[in-house]
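You will see two complexes here that share subunit A, one where it goes with subunit B and one where it goes with subunit C.
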Partner chain A sequence: MSKPDTIKKEPLIHITKRDAISWQKSMLIRAIAIVCALLFTAVIITILAKQNPFKVYASMFSGAFGTPRRIWNLLNGTCILLGIALAVTPAFRMKFWNCGAEGQTLIGALAAAACMYLFGDKMPLPLFFVVMTLICIVVGAIWGLIPAIFKAFFNTNETLFTLMMNYIAMQLISFFMLIWGKDGSGTLPNMPEFRFPKIAGNEFLLAIIAVLIVCGLMYVYLRYSKQGYEISVVGESENTAKYIGINVKKVIIRTMIISGALCGFVGLLLVANGSCTVNTAIVDGRGFTAIMVSWLAKFNPLYMILTAFLIIFLQCGAAQISTDLRLDKSIGDITTGIILLFIIGCEFFIHYKVHFRKKTKEEHDA
Partner chain B sequence: MFKKILSLLLVVVMCVSCAALVACGDGKDEFKIGFICLHNDKSTYDKNFIDAALAAQEAMGLTDEQVIIKTNIGEDDSCYQAAADLVDQGCDIIFANSFGHESFIIQAAREFPDVEFCHATGTQAHVVNLPNFHNAFADIYEGRYLAGIVAGMKLNQMIEAGEFTAEEAKIGYVGAFTYAEVISGYTSFYLGAKSVCPSVTMDVRFTGYWFDITEEKNAAEALIDGGCKLISQHADSMGAPSACEAAGIPNVSYNGSTQATCPNTYLISSRIDWTPYFKYIIDCAMNDKKIDTDWCGGINEGSVALTALNESAAAPGTQAALDAAIAQFKAGTLKVFDTENFTINNGTKLDSTWKPGTGTDGAFVEGTVIVKDGIFCESEYRSAPYFDCWIDGITLLNKDFGD
Partner chain C sequence: MEHAALELRHVTKTFGNVIANNNVNLDLRRGEILALLGENGCGKTTLMNMIAGIYFPDEGEILIGGEPVVITSPKDAFRYGIGMIHQHFKLIDVFSASENIVLGIENGEKYRLSAVNDRVQEIADKYGFHIDPKKKIHTMSVSEKQTVEIVKVLYRGADILILDEPTAVLTPQETEKLFAVLRRMRDDGKSIIIITHKMHEVLSISDRVAVLRKGEHIATVDTATTNENELTEMMIGKKVTLNIDRSEPKNPVSRLTVNHITSIDSDGVHTLDDISFTAYSGEILGVAGIAGSGQRELLESIAGLHHMTEGEILYNDPTSGHMENLRDKTPIQIRELGVRLSFVPEDRLGMGLVGNMDIIDNMMLRSYRRGKSLFLDRKNPKDLAISIINNLEVVTPSASTPVRRLSGGNVQKVLVGREIAASPTVLMAAYPVRGLDINSSYTIYNLLNEQKEKGVAVIFVGEDLDVLLELCDRIMVISGGKISGIVDARTTTKEEIGLLMTKDVSHTASATKEETKR
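Moving on to the complex of A and B:
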């Protein structure tokens, strides 16, 4: 309190919010961030793993693009993750923290496998595909609807509720695999006879096209439809929404049905356009990674194509690093983590300007 | 928005251009083997395979480029994709280590008839009739029996020391599923213990997971609370061994030594050493020899191994007893599933009326000879174990994996 305020001490660093930034400049910041990330990981790899960092980067790119098959896997992986990210987006825009995409996708996958196991051979294949698709979407929607109802009518915490629904979905899969896996091993063999047909001889194209269509629809829905607008208003302020006559309960429930249905659809793609079986690890945490994809893209469906691609690229790369260099998987994960951290971190420099104290000495002398 | 797309696009372009540089050059004239593992070396199960792959690489004089090890490959389409990727990289032979990989490896085997596919613990090779698909296992029940002897002697030592009476000598066993491989494993372990400690009984708890640290730890703790004096497990994590170390209860491990983390309670571990099999398939693939459809190595082949006995925790004289039993196994005079040594259903002797699941879907295949000269014929009809009956002296606490 007794500090004399005669010496005006300017802090070493101070930060101001940028009003606007030219796109060239923001791109430059991002480019610098990526270069910094690569340099930083190079140092880490050299010190920790005693490996040539260029070899590590070469592995990373070869893991993602090394062969046509790897490129297709990369694109398919991107679309699956994109699909789940699209599913969580409407809820997130509404500030409904849906952490249950994992479970909603799992339950969709379980529904697909159940259809295959229970009545795959009971009807013509085209009809079966339609029935299976509808069932998966409905089951996913129900899994999203349950927490939405509790949120809308009892104001339960949706984060905890949806997280717990994940465990229920997982246990249901364990349960049915025990019943259906006749040999008692807890695994269900695959049923490739009920797989979706290949398009132009390509096993992934169907899923890729389907998700890209959903992506376009979601963009239009959120941006140009009345319902999309309602979601944004509820997200901004529930009171405003009530004031202008939006039925908030209805919007919450409707939006979570869409979220869940879409997750169920992705679960269907995972099974019917891929594994043709189900296990508790089939979604493999992508329900959570999708949240990052959605958030990194600022909930914009079109940007999500790129953020999902980036994350899958990093994952493919990380796996290849551990295979090629016989390193623990952690080194790939560390690389991925650092690159993501820099990319997310650079947003700060796009939104804020950092000022350093200048020529303080001269000021004091004067 | 445009700028963001452009900036991310920049990343993509960078990636693609670099990839173009990397993607060239795959020497197809060279022999290559690929391994597909469910987890990485943090799982004792997978570590056992990875160590063997590296040992086989060393023994066969292969380079790192010739031995490709893919870890963390799930039991889903990613397994098929991993196998196909290994084919793309020029692998002549591909090995997968997890039971759930099997149907995806078969899918790859159908698509790539020129590549040999081998799968551990699987059950389908003898029925799918694919010349390039093979199953492998080991007579691990002999290893379990030996580990059981170590357990029995430890119990005897504790009885003699007056820690509990002979009637209280009870072993606890943490199993994954009520699956034949697990049942065969704990039964042979129990029979080994019973051969030196006749009064021993056993409680089995199932977790319903092949790998779950918490569930396995909880199951071990529940068994210890239930009066078990010694614990063993057929589950892949450190859950049960760590619970034993914390409680000071002797533990017989599986798939590798846990002595480093459990120095006071670890006794011994039986494991399948996959090195002989890997050397065998590499030799076959390199020299165009036919690989057995079902391969099952024993003590003589070096496939069944014991890790170092923890002399400070085990009872005195254990090593001598082990050596004697190993010699008997090698000479063929000791049979684990000798029907003279155990009964089912409160005193009935096992005979050919028992129909174990020798088929792929857990059903009995008619015509299979199950009991020959008073011995249950384990792993003869196929490499994976199929002894799946519940014998007297063993109590299954939770057959439905509940509490």
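Moving on to the complex of A and C:
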């Protein structure tokens, strides 16, 4: 029996799970994390880019809030991302890992553009808006329904299935752009005549209001409705769900229809309240970023407003840094990455307590 | 004087605000079996986990052979010759016994399975284990798996063995075999700590008994000089009567008639084979049998969760007098027929409750559908949660605490409380006191008795024969998916039931399974 050399010594650090933490304290930990992140990026910027970090922060801030136009862009971007995050949330609460928000949104966008191209001028504009909205929602729902059916009846892996559906959606857009692109360029012309009307002279306000309404509805649906409760039970334990007589297949299918339909709706907003055309890059990875938004907010729709805002703020800021300071785009990305890492990392200190030898000091900074 | 094999001095461990162990002093001599006794949540497992390197004590020290040691990981524990056999086995199903045993050992030697097999066989022969080193884990019975776990720690040269409730999953016969092995290991100079709730086992196996209460060490006494009552008193701090009241059934009416039900699993094995019996109102029908003899399938068939290939289940509705056939009905359809059937399943947190939800939301599981509204009513479930917490003395910070944070006994009170609140006419409970301390167990027995007196037909699947004999009116014994006998609990004996449990061995579930595989 060999003996270790360090006899009668407590380990330097040991970690215990916290029982519960007050709201104020957890906020304090988060605030400290952000301060630490800013200090750390300042050091990195000074060393790597030889720039004054305060100038970098200022440019980041101006990228997000510099002009009214930028502010509206920021808000619109937040809303689109929030919309997709809200869409994946019911599925995620059910522990159905829907990685197909990208494709479901793309197919919604394609449906909107197709409506404009094919019969936009064949009916009065208000009626057309209603028809287009319905079609986009239904198409998105179908894109969500397909993997749900396979999951419910054949227990296929939903992650792979939904991922593959993304590529199909993308290729469908390429296909139709080739057919419909009149000049053979493979792009669809802009059709601004079918754009949703401005509200109070602002082109973004409609999308922002629509997504905020959806956010409120989703919060109520998940927290206070019977269907939302069923989603939670199925997500937590399928056995319990069966035991109390929940039809698990039905819940999976119903929830994915909602998830897909919402994605379809966001796709509609991207086209009919945005570009008025479609291309394969229109969703631009936001179907995946939305997963992070949803997780960071612990699947709470109200918190998602904050997490979506944070991510878009960082993106706008990062873009501005590279243009203002003529730096490589990667400096912006590094800044964004560090800040996100600190914010996510501080959750560890919210859930666990770190003890040092002989002292019971708490560690807040990551 | 020779040093004790293991000593704990002033060991304290807290989790958040909860003190799991407070200033515990304990010593384990060489070549003895020490039973560790205490109610649920009194800190037995926490204490043992500190010895096994899973937790690290906040204060105090651990001495091995008189030397203070630091154990920060299970690896350290092995180095000091400490091996723990956990309640839940940690084995890889598709590996053989030997492969599991050798897994994770880094001794620099070349890996030769045949040498391992020989060594395993050698250990088995030495202590009288029955083990086939080449047998795959997934084909093993629970008791065989346990044997693998024990051999695993012996293989690593453990001198101090800790067994966490090893008998909870064993039949009386298997328990006897295990005890014989433990005695042989003790005589070989090994020191053994055994955690168990069953008092007669403590008395029959141990040399000394250490009692914990609320995280504190109360006393260590020689088994030879103590008795059941004294130990119980030390354990719970006050005298309790160990008798369960049993009233005569009042005007029993047949409530549930099961006719010839048979079910076949995906391997073609008869999990239920031509089961027929009647459950009467106002009586407790006990179901005894070796674990996995078809108890779960039987209850789940009645609850509409398990598909049966033949037979029928007739429910005699006390209000309308109609007979309803429950076969091939879903739980919802059964409920819609007006059948008030409550079911306390074996897997509390995985089936009966949702661990991450609070008590209120768990109450809602049964009632949330009520009413036409699209939205949930949390008011009534909240009232129910509060009344269950008060009436059954559930220890919880509040009604909005997730149930997984509660101790085993409190979880069960919440579950049984909810099922009883539905004022059932049939109440089925599978192992409702498994893992519960004496106080909580008696709360559950009393609740079942109350239901019986209200005229409910209670079906109680149990494992402790002493309890079955004291609590039930009739006991149905099943063996290998068949009924091997239904006896009067007032006149039968433990021996008779034990024999029925193993009757017709050639047709037990495991035997049939192997036959069909060939």
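Definition applied: the second predicted complex is superposed on the first by the 354 of 366 C-alpha atoms of A that agree within 3 Å, B and C clash if a C-alpha of one lies under 4 Å from a C-alpha of the other, contacts with A are read in each partner's own complex, and residues count from 1 in each chain.
Everything below uses one rule, namely that a residue touches a chain if its C-beta (ideal position, glycine included) is under 8 Å from a C-beta of that chain, and two chains touch if they have at least 3 such contacts.
No experiment lies behind these values; they were computed from the predicted model shown.
Asker: Based on the shared subunit A superposition, would you classify subunit B and subunit C as clashing or fitting together?
Answerer: fit
Asker: Angle subunit B-subunit A-subunit C between C-alpha centres, in steps of 10 degrees?
Answerer: If I round to tens, I get 140 degrees.
Asker: Given the touch rule stated above, what does A:351 touch, subunit B (first), subunit C (second), both, or neither?
Answerer: Touch partners of A:351: none, neither subunit B nor subunit C.
Asker: After superposition on the shared chain, which partner residues are touched by A:250: those of subunit B (first), subunit C (second), both, or neither?
Answerer: A:250: touches no partner chain.
Asker: Does subunit C touch more residues of subunit A than subunit B does, or is it the other way round?
Answerer: B
Asker: In the overlaid three-chain picture, which partner chain does A:14 touch, first (subunit B) or second (subunit C), both, or neither?
Answerer: So A:14 only meets subunit C here.
Asker: First (subunit B), second (subunit C), both or neither: which does A:224 touch?
Answerer: The answer is second: A:224 touches subunit C but not subunit B.
Asker: Classify the contacts of A:281 with the two partner chains as first (subunit B alone), second (subunit C alone), both, or neither.
Answerer: first
Asker: Scan A:122 for contacts with subunit B and subunit C and give back first, second, both or neither.
Answerer: Touch status of A:122: no partner.
Asker: Smallest separation in Å between any Cα of subunit B and any Cα of subunit C in the superposed model?
Answerer: 15
Asker: Counting contacts the way the document defines them, which residues of subunit A are shared by the two interfaces, the one with subunit B and the one with subunit C?
Answerer: none
Asker: With touch defined as at the start, can you tell me which subunit C residues reach subunit A in the complex?
Answerer: Residue list for subunit C touching subunit A: 15-18, 56, 61, 67-70, 72, 76, 79-81, 303-305, 330-332, 335, 343, 345, 347, 349-357, 361, 364-366, 368-369, 373-376.
Asker: Which stretch or stretches of subunit B touch subunit A in the complex?
Answerer: On the subunit B side, the touching residues are 1-12, 15-16, 18-23, 40-41, 64, 68-72, 74-78, 81, 84-85, 88, 99-100, 102-104, 107, 123, 176-181, 208-210, 357, 360-363, 388, 401.
Asker: Under the touch definition given earlier, write down the residues of subunit A that touch subunit B in their complex.
Answerer: 23-24, 26-27, 30-31, 34, 57-59, 61-62, 64-67, 69-70, 73, 174, 178, 182-187, 189-190, 192, 270, 274-277, 279, 281-282, 284, 300, 302-303, 306-307, 309-310, 313, 319, 322-323, 326, 328-329
Asker: Quick one: in the complex, what on subunit A touches subunit C?
Answerer: That would be residues 1-4, 6-11, 14, 16-20, 224-227, 229, 232-233, 236-237, 239-240, 242-245, 247 of subunit A.
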